[in-house]
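A single structure is presented below for examination.
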Amino acid sequence: MNLPFDAVTAVLVIPALAAAVLAALPGYRVTATLNVIAALLTFVAAVSLFFGRPQPGRYLLVDDLNNVFIVLTTFVGFTTSVFSASYIGHELETGRLTPTFLRFYHAMYQVLMFAMNLALIANNTGVMWVAIELATLTTVLMVGIYRTHEALEAAWKYFILGSVGIALALFGTILVYMAARPVVGEGLDAMTWTVLVTRADAFDPALLDLAFVFLLLGYGTKVGLAPLHAWLPDAHSEGPTPISAVLSGLLLNVALYALLRFKMLLALNPAALAPGPLMVTMGLVSLVFAAFMLYRRRDIKRMFAYSSIEHVGIITFAFGMGGALANFAGLLHMTMHSLTKSAIFFAVGHIAQVKGTQRIADMGGLTETNPVLGWGLVLGVVAIAGLPPLGIFMSEFLVVTSTFARAPWLAIILVFGVLIGVAALFLRLNTIAFGEPRGATAKAKASYAPMFAHLALVFAAGIYLPPVLVDWFQNVARLLG
Amino acid sequence: MAVIVDFIVQAAQMLLVLLLAPLLTGFVRKVRARLLRRQGPPLIQPYRDLVRLMRKDVVLAENASWLFRVIPYLIFAATWVAASLVPTFRTGLLFSWSADLIAIIALLGSARFFLALAGLDVGTSFGGIGSSREVMIASLAEPAMIMIVFTLALIAGSTQLSAMAGFLASSAVGLRVSLALALLALIMVAIAENARIPIDNPATHLELTMVHEAMVLEYSGRHLALIDLTASLKLLLYVSLIACIFVPWGLAPPGADLFALASALAAYVGKLAIGGFLLALFETSIAKMRVFRVPEFLGAALMLGLLATLLLFVSRGL
Amino acid sequence: MVLFALAWVAVLIATAAAAIMAGDSARGRDAIYGATLIASLTLLAIALLALLRLDDAPSEAVLPLGIPWLGAHFRLDALSAFFLAVVNLGAAAASLYALGYGRHETAQRRVLPFYPAFLAGMNLVVLADDAFTFLASWEFMSLSSWALVVAHHHVPDNVRAGYIYLIMASFGTLALLLTFGLLAGPDGGYAFADIRAEPRSPTLAAAILVLALIGTGSKAGIVPLHVWLPLAHPAAPSHVSALMSGVMTKVAVYGFVRIVFDLLGTPAWWWSIPVLALAGVTAVMGVLYALMQHDLKGLLAYHTVENIGIIFIGLGLALAFKAAGMAWAAALALTAGLLHVLNHSLFKSLLFFGAGAVQTATGERDMEHLGGLIHRMPQTSFVFLIGCAAISALPPLNGFVSEWLTFQAILLSPQLPSWGLKFLVPAVGALLALSAALAAACFVKAFGVTFLGRPRTPAAERAVETDPFSLAAMFAFAALCLIAGILPGFFIDALAPAVQDLAGDRMPVQSDVAWLSIVPIAASRSSYNGLLVFVFMCVSGGLAAFAIHRLASDRLRRAPPWDCGYPDASPATQYSASSFAQPIRRVFGSAVFRAREHVDMPRPGDLRAARLTVELRDLVWETLYAPIAGAVAFAADRLNHLQFLTIRQFLSLVVAALVLLLLVLAIWP
Amino acid sequence: MRGLTFDVAHLLAGSLVLVSFLELYQDRLYALLNMFAVHALILALSVAWQAYVQDAPHLYVTATIALVFKVIIIPVALHRIIVRLGIHREIETVVGVGSAMLLGMGLVALSMVVMLRVTPSADPLAREDLAFALSVVLLGLLLMVTRRNAVSQVVGFMSLENGLVLAATGAKGMPLVVEISVAFSILIAFIVIGIFLFRIRERFDTVDLRALDHFRGEQ
């Protein structure tokens, strides 16, 4: 079917153009609003994809799987841009950012959006790889944007580890090509998803296995699976909070999406080793490891970064288990986690601005000094801890129950990790949200809308999932096998 | 018609226990005195005391509460009801099914509960001593009693006193180890419950050793009279309990004629006399023990009861 | 039917939302509590209706909520109806009480929104008919009550209590998650109907039983999973404490009954063994802990632990009988347990109300600082006394009835075939008797030290009687305690349909027994008539009073206390809570609490005050929880080193992972 | 002809691995840089050869990029840096050269084993190439983790990337190779610039430790 304009190209072009424009424009208010508008337009375009999809082209592809991702990405991108407008304003006042850097920041933000959308829409393994590398580079630059010793430090770490990951991922991509070539012949076809999926059963299993190992490690670095996670906490804690939100909420998903695509190939090939065990193992390792790491955190953003690792672990575990229920749960968990975690970072950003620090020890009694922020944070943590009636409870319910009947011990480890994590989170939450107020108690000039929008969505999803969404999820779950 | 007779008998029983109770107390005192080569007070001395106390006015501590004044009537009522439900000379009393043995014990328990509260009401240290020791004793005596009830109930297949008495009177019982154990335990509990030597000494007012007397230290006049009456009722109750369970012979069955009733009554009085005599004998032949030896004494009772029950549980299985 | 109920639950939720707006205003507060009062009364009515119409089938409903392809199932059968009644009875009283108590609330903003949510959560749990809805409501209930526990967050202990509570709650929920994972099977038949239909292997059923016991036990407060309870219940505002102790623990019992009796199918003979053993220990440990307490609300909370033990004894016996095919005996035991559920919810709520009244009147919870309140708060002390008598299982009040039934059930157990039970049940019976006696001792202490004697502090001297709303709530429950005690037959009959569903049989109809007495099996075997005992006592007591006042003296003089001629000026010389418990501590404490008394007696001539310090240790905490916490801390510290590696070392990690995976590939068959 | 193509490709790839080993062997920065230049040169040759064999002209572009960028520009730039930072002294290795070589052997063996599991049906040229490429990649990683010095780590990363390019070109008719190699060159440029910018970062380690000491407030 033909639309007034091709939504797919729109999703790519709008951010690209916006990036160019924003790079040129001075003045924070204008750019900020423009940023928001561009993000909004992208989101609209993405939503329109639900109603009409172009046929998959040579390079671009929209199907159930990435459609969900795209909409999620653009939506969080939009809300984050709203949040960042108010956040960055404060940063300007405190002089942590100069207008020049701000211009750069907005441009980069759109480039990042572009890169992620491209990675999602790409119908070609190579293009996807390039896009993810681009996304990495942009985030590296934005993490380092404060130019403080620590920020550069974190950026550098991220950069080095990211590059290695990228390299490994490329090697995996090449291997997939080589596995595909004898079957589908040379040239672009051997890198095109639509083609690969149809012929995957005939590929050389040994090559596929090898490829998957490299892809798992390569993209796994982006996903932040232990032990490849090292860059993640620092990058989250040192960059501007909007970027932390985007990193946790989106970039991890994009990398995970790449992994899922390749997992589908292996799943389709009977002779290849099942990717499940690998993903399950790494998922559990990440979960338990991150859960324990939560205890000794003193920097609030770094703590929530580790909680992201924890949840990515759960998601990977779910996809590794496979099966309609687990995959559904994984997708749901991924969506809910993106929304919740970005909401938490919205709250944390303002909290850090109010308190003028990220040290947990220096904040306390928030529900008293800044009730809205405080309760927002409490709600977010409750959600991320997987307590009802919020969405993550449903996904965790599905994961655990569906797993326990199949692999009891795995489920027990899973439950153990979750419990450890919850205990750690609430241990910190108690000091942050309750007790005697500590630290600066200024009133926050904050935009609460994005945070509560996300939380409202998570809340709604925990109680009622619209059938449309369910159908998409179930289709995708079936695709993932 | 039968109902009316039953009702009369029930009433008679209530009056009987009420009237006999001080007599029993007096009898025990007398025998003790005699055993101690003393003259001892006349048998009717307890009645005189009661009347005297009734006549005197009550001297109430300034900060005594309404509860303090209500409690004597409460505990008297509870104990009286309990006592009037124990078959003394005739089984199948009209209201015997309104409370089985467990309920009777619980009634005594509530009496103790309130008495202990009374000990705390005025806020004197001696009252505290009395109450705290009393509840400590009770916390061991009651489980022991329950265990005894278990034993008997399992043998007789009922917790109804009348049924028990009836069953035990029949020859179906035979001699049982657990019965012996239960009897022993019951005697120990009875001694503890009635604050007799070696647990407590009803005659003492030596502050640091007294339990029951310490609780009622602040009472006077009619209140004290009621409490004393209650105490002797309780003693009577336990003696007749032991009597009707372990020597159930001579109890008149329901619908017995007057003569049977009369002979049963005589038998009952005889049992009381024997029981009182044995009690006095025991009390004179043993020394009071330190308060903190009491738990061991009662613990032994509890263990005996549990052992008896266990034996039954196991033997039932065989 | 169930839809009505759900509608009113929705009203509760709406109230919660509205409460956020209410803020600190008094009118808002009254409106909210009024709304909850109406809602819970209506729900109570619905529950009673559902309970009394015996024959027709339970009403069900499916809402398009929760898990999409499943929907949220709700069902109102006899069991749900009974617990719905218990929940909303407590809720109604608590709301009424709160109308008055709420005036003294300092952190109203933090209480008002969560209170209706808490009620809604509890209602939903008993209505839920599929695993997801059940667990979600269950955890929601925990969550909202957690928020209420940390309402007074300036007290560090409360925050800590809330923390432990939340962690234990999550632990329990996760255990239940696993339970339902096993019940539902890999392809997720979450609806209770499907679960009932599914056949199970014995080992699977065993695992489910254990997990369910852990999951529900941690919420009900089974030793050793009780640690959160005595911390959390006192921390909350008193009307919430009443609900948590009196009602929420019952919801946990409901969970256990629902899973084990209903979903899990026919029991095996040994199922009752863990239940009974834990229950007996719980009953005695709970009351012993309580005896060592001198925080009034803490004491009450520990008594909840004890009573949960008693309830579970009933349930365990029911399991044993059911497994042995003695349905009629199972019916008796189950009735005893469920009746005690109702009774405990009555008098425990009543007692917490009283404790709350004392707290608002004096600002004190520590009994050592109270005393003599009976003069200042006569009505409160009267109803509190009734509560004490009821919970001490004294006839003719309700506590005695359920314990009496439990004893009757125990007396049936020799007919059980299995040997393990033959030895266990009498022991459990002894434990039950012991706990009952100790409970009486404990409440002599609680009432005596708090309300009797002389005031120990100025605060206690200045106490004033509490407000009419609170009194109304308390008197209502006191009356119910008496009614349930003297007319138990009706309550037993009301329970019959639920028992019939679960045990396969019911107790004989009681309401048509002569003179309204109750007869568990046969009149020849045992019977009890609370009404008659009550009338007897009134008559004989009244008779005595009348006779004496008429025929003998009724004169009365006031004088200083006699006290063997030692006039002691200071109220400090009274027996305090801990000194009252000292004899019992001597008997049990040294074994259970490693109790140590250190006496510091100054030499003659030394003007120093002598000191007696008592050291108690909570062995459960020390042996079970402290090590776990230590282990977690240790692991966290060890792993934490990984945060501080250099980039190169992180790279080496990556390489190591890569090489490892390649090796796996290389040696893959 | 078939045999010849095979042998030449094989020779070049094999010598690439050999040079990686030599890199691993170096203990002076200058020498390491020169060795890397050789590494890149051989890569360029092999890419060119592949271009010729597969007659895929676009691969010549890749070859030239490699030649210009990696054989000339980068090494020169790095020379400059070394001079600037005055670190033209011995390289501190984490493990001794000998053990590093041993590890390298192990890795090469591993990659061979893994690769030979690939079904023989796959064309042998690709297979061998891939085996060598994998070993080069692994050796590059090894170089990165066994050297403490930023510059030598960059060198390691670049030789790793050489391995990738080798694999990519070995994969017959793989599209986007040029784009990918360009993208990678950008990546490397970033790294080098990074080293320029934060010249204090002579070594990653010191920085990390100091940073960790004071700023994070983590204990």
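Chains here go by letter, A, B, C and D, matching the order in which they are written, and residues are numbered from 1 within each.
Following the convention adopted for this analysis, a contact is a pair of C-beta atoms (placed from the backbone, for glycine too) under 8 Å apart; a residue touches a chain by one contact, two chains touch by 3 or more.
These figures come from a predicted structure and were not determined experimentally.
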{"item": "Chain closest to the middle, measuring from C-alpha centroids that were averaged per chain", "value": "C"}
{"item": "A-C or C-D - the one linked by more C-beta pairs in contact", "value": "A-C"}
{"item": "Chain located farthest away, centre of chain A as origin (C-alpha)", "value": "B"}
{"item": "Centre-to-centre distance between chain D and chain C (centres being mean Cα positions), rounded to whole Å", "value": "69"}
{"item": "Whole-Å separation of chain centres (CA-atom averages), chain A against chain B", "value": "78"}
{"item": "Rounded Å distance between chain B and chain D, as computed from the means of their C-alpha atoms", "value": "100"}
{"item": "Chain A and chain C: spacing of chain centres that average the CA atoms, whole Å", "value": "44"}
{"item": "Sequence positions of chain D contacting 2 or more other chains", "value": "114, 117, 141, 144, 153, 204, 208, 218-219"}
{"item": "Multi-partner residues of chain A (at least 2 other chains)", "value": "156-157, 160, 164, 210, 296"}
{"item": "Chain C residues counted as touching two or more neighbouring chains", "value": "640, 643, 645, 647, 651, 654, 658, 662, 665"}
{"item": "Touch-based graph of the chains, sorted into line, ring, star, complete or other", "value": "other"}
{"item": "Interchain contacts, given as pairs of chains that touch", "value": "A-C, A-D, B-C, C-D"}
{"item": "Complex contact set, residues of chain A against chain C", "value": "156-157, 160-161, 164-165, 168, 209-210, 213-214, 216-217, 221, 227-228, 230-231, 233, 273, 278, 289, 292-293, 295-296, 323, 325, 365, 367-368, 382, 385, 387-389, 393-394, 396-398, 400-406, 411-412, 415, 418-420, 422-424, 426-427, 430, 434-436, 462-465, 467, 470"}
{"item": "Interfacial residue positions of chain C with respect to chain D in the complex", "value": "640, 643-648, 651-652, 654-655, 658-659, 662-663, 665-666"}
{"item": "Chain B-touching residues of chain C, taken from the complex the two chains share", "value": "371-372, 374-375, 378, 381, 385, 389, 392-395, 400, 404, 407-408, 410-411, 413-415, 417, 419, 422-423, 425-427, 429-430, 433-434, 436-438, 440-441, 443-445, 447-449, 452-454, 515, 517, 523-529, 532-533, 536-538, 540-542, 544-545, 548, 551-564, 566, 568, 571, 573-575, 579-584, 586-587"}
{"item": "Chain C - residues contacting chain A, complex", "value": "64-69, 110, 131-132, 135-137, 139-140, 143, 150, 153-154, 156, 159-160, 162-163, 166-167, 170-171, 174, 177-178, 180-182, 184-188, 190, 632-633, 635-637, 639-640, 642-643, 645, 647, 650-651, 653-654, 656-658, 661-662, 665, 668"}
{"item": "List of chain B residues in touch with chain C within their complex", "value": "14, 54-63, 65-67, 73-74, 76-78, 80-81, 84, 95, 97-100, 102-103, 106-107, 109-110, 112-113, 116-117, 119-129, 131-133, 135-136, 138-143, 146-147, 150, 153-154, 157-160, 163, 205, 207, 217-218, 221-222, 225-226, 291-292, 295, 302, 305-306, 309-310, 312-314, 316-317"}
